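This is the structure, below, for whatever I ask next.
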Amino acid sequence: MQARPAVEIVNLNVKIGGKSILKNVNLKVPEGTITSIMGPSGSGKTTLLRVINRLIDLIDDVEVSGVVRVFGNNVLEMDPYDVRKTMGMVFQMPNPFPHLSIYDNVSIGAKVNGVARSKRELDEIVRWALIKAMLWDEVKDRLKDPPWRLSGGQQQRLCLARALALKPRLLLLDEPTANIDPVNTIKMEDSLRSLREEGMTIVMVTHMPHQAVRLSDYIIMLYDGSVVEEGPTGEIAINPRHEVTRRFLRGEI
Amino acid sequence: MANLKLVAGVLIVLVVVGAAIMIVMRGGEGETAQSPETPRQVVLLGSGATFIHPQLDKWAKEFTAIYPSIRIEYNPTGSGTGQTQFMQKVVDFAGSDPPLPASRWAEARGRPEGVIQMPVILGSVVIAYNIPGLEGRLKLDGETIALIYKGEIEYWDDPRIKALNPDLKLPNQKIVAVHRSDSSGTTHIFTLFLHKAAPHVWPKELVEKAIEWPVDKTGRGLGGKGNQGVVELVRRTSYSIGYVEYAYAVLTGLPWALVRNVEGVFIDATPETIMAAAENAYPLLPPSLEDDFNKAWEAIVYAPGKNSYPITSFSFLIFYKVYSPDKVDAIKKFIEWVNTEGQKPKNIVEGYVPIPESIRQYNLRALQLIKSSG
Amino acid sequence: MDTRRLKDKIFTITVIALSIVAIAPVFHIIIYVSYRGLPVIVESGLEFFTSIPNAVTDPKPGGIAQAIIGTLYLTATASIIAVPIATLAAVFSSEFPRSRLTHVVRAASRSLLEVATIIVGMLVFALLVLPTGRFTAVAGSVALAIVMIPYVYTYVELAMLSVPRTYVDAAYSLGMSRALVIYHKLRIMRRGVVRGLMIGVTKAMGETAPLLFTAFGARNVLFGGPLEPIDALPLMIFQFIQTGYDNWIKLAWGGAFILLISYLTLFIVTRVLVKEVKY
């Protein structure tokens, strides 16, 4: 474990509409790893992810207490718009902006945040992001096309490119391959591995235990709003300490 | 592809805007070209009676042709609204079939702007009928018409009608009496005539712009909206009778009856007989244009004179006595023109009848009365 | 088996017949207005679009240029007033759906939709015409704007509330400010927004009552300026059709045809120019 974790959560409690969704969550995400947050549906995984990039603010009647440090800064005390500019998010359903071209979809993050200062810089970022998302060859000749012409899997990779154009240090993915076909799933996972090689910290929510084991370096098991256990994949996969983890890995819950 | 449509859209907008600008710059000061010395156009607004609208429109256009710097605009909102807007001071003059009622006139008279009324055109009401196959012209008098509209005369060959028309072969058919379903000055004049000609048959309570028609209770009454509504119904309903504005009736080709006047003569509605009624009513006009005109307005109906058509009416324009400096000359010119050139045959719309010379001179007294406020 | 097929056929035929009955009036209007109005324009030619109406004694009817200009002007200025106000209100309502102000605005909009437009005209008369003693095009624009606002508001708010949640999430997740997210929401729902605009615009174009006591209906000039009375197509049609004069009745039908063509053109053009955003 490195000196400073990418994400450090201390005593996080989240209530939505009076109902307790996350209960006293404590966890650390090592920098430069692919970390899976796994657990059955309803365990609060998506909520946890959305606390990190403050997307949780968009919900009415939310109570959040605790500390969430990302690269040393407590995001709960920062301006949410500043927080979001430093992280990319990919959602469960592919959601490229329907009114923008493929090019504009990727570039919009960079444009909005002033990451690129000229058209040339923007072109380069778009190209880089699409290459990293393993989509460049498939779309390089039709960047002006609208996204609905792409297949579901391609659209999801487009969304990945869109998030990457922010040049974030942290990437958040919410069950990114749950709704796409196996071929595109493999491409997606290859992208993530390649990004990790370049030092990106990746936090991925998944409810598929085999994906967590296959892909990630570090696993956090979430159940009913609490962290059940966390640790390197090797340890958790072979020797889970908790009954819940064992049952989840066996596909029983 | 999308770009082409964007270009098309922008072009359309540019064309529309460009055309608009061109028209605005050309038409901004009226449709006649103006030399740099001509002053800004004065606009006089009038509103009120629908009856006078086509005639006033003709006057407005002819007047502006001679005085390009003065434009007249008239809105046919109805006499009542015209009077209200006059009292509210949002118009420069009002057109009204009846003059201001006494209470309004008193209120207007008491204000610094004052009030001047003048009859500027004549109208009349004819009794149209639809009797298929009738040869010859029907003759009626006030009492008979009143009895028809009371429902008491049921058939065309009723002895009372036959007595007036000994030479006509009248059919044994029920009479359908058509009247107005909406409130109207025409109804007011018509019922006033019935009352004056036959007060024992048609009481004062039934003299109004809109009434409950006794003939409706017999099931032989029909209501039409506006003059054209009545015309339509008479045209379509055999053996019907209806009262219509003369200006309307001349456009339709429906026959109308000769009506007995107070001297006992059966008179046709023509410009001569209508003007004769006005001439005979002239002595009954009030001494000053600033006075209440209600008595005069009643006096012209069933007016004396052998040649007078008995169902004639004045139509009034109502002016203030005081106008702002920028408008006072324009108003005076307009009043002068309407009462001189405006009454000449070439400026009269068919179906409207000019006022006799005596009344024109009477109206021109306004030029002395009207003053500037500044 | 046979009876079921028969019942199915009867049902299908009934539904089709009733649909035709429901739509038929639209076609009837289009056909009849064209039948009465198109010949007038063909007969008068260019004059119909460039001159004002002639007096009733004239052999030729003249034209209705002032009414066309008036309608264009009043509709454009009413839109300039109404669209920003309604859009801002709609954006506010959709962004803050639980705010008390939103409830007030929504209730006000609904009430305004129910009010007869003549009342709007009388209100503007009392506020703008009576105190100044003048009928003006501005007063007409204001009256039409008030009529337009609830329509544009309702449709734009609906469009904003219909944006799929996932796009909103994605936009915020990229660090977009609220204003930028709103901008993109409007772009995604552009068909709905434009629909709201078109309904508002066509409503304004076709209204007579609000103009009776505000714009007045000045017919002896092509365009007198914003501070003078002005004509409009529906107003002209309303006033001319009630007279008995052939000339003016012709102009009224010609004007009705122009209005019809304008509606059809507006709807077709916006459908063609504003492509549906597919997702």
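Note that the chains take the letters A, B and C in the order they are written out, and that residue 1 is the start of every chain.
Convention: contacts are C-beta pairs under 8 Å (C-beta built on N, C-alpha and C of every residue); 3 or more make two chains touch, one makes a residue touch a chain.
Since the structure is predicted, the reported quantities are computational estimates derived from the model, not experimental observations.
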Which chain, with its centre taken as the mean C-alpha position, is closest to the global C-alpha centre? C
If chain centres are mean C-alpha positions, then the most distant from subunit C is chain A
Rounded to a whole Å, what is the gap between the Cα centroids of subunit A and subunit C? 48
Please compute the C-alpha centroid of subunit A, do the same for subunit B, then give the distance between them in whole Å. 82
From the C-alpha centre of subunit B to that of subunit C, how far is it in Å? 35
Subunit C contacts subunit B in the complex at 51-52, 54-57, 65-66, 69, 72-73, 129-130, 133-135, 212, 216-225, 228-229, 239, 242-246, 248, 269, 272-273, 275
Which positions of subunit C touch subunit A when the two form their complex? 98, 164, 166-177, 180, 184, 187-188, 190, 277-279
Subunit A to subunit C touching residues, read off their complex: 53, 55, 58, 60, 81-82, 84-85, 87-89, 91, 93, 95, 97-99, 108-109, 112-113, 146, 148, 159, 162-163, 166
The residues of subunit B that touch subunit C in their complex are 2, 5-6, 8-9, 12, 16, 20, 23-24, 26-28, 30-31, 41, 43, 45, 47, 50, 53-54, 57-58, 60-62, 64, 71-73, 75-77, 88-90, 226-228, 231, 247-248, 251-252, 349-350
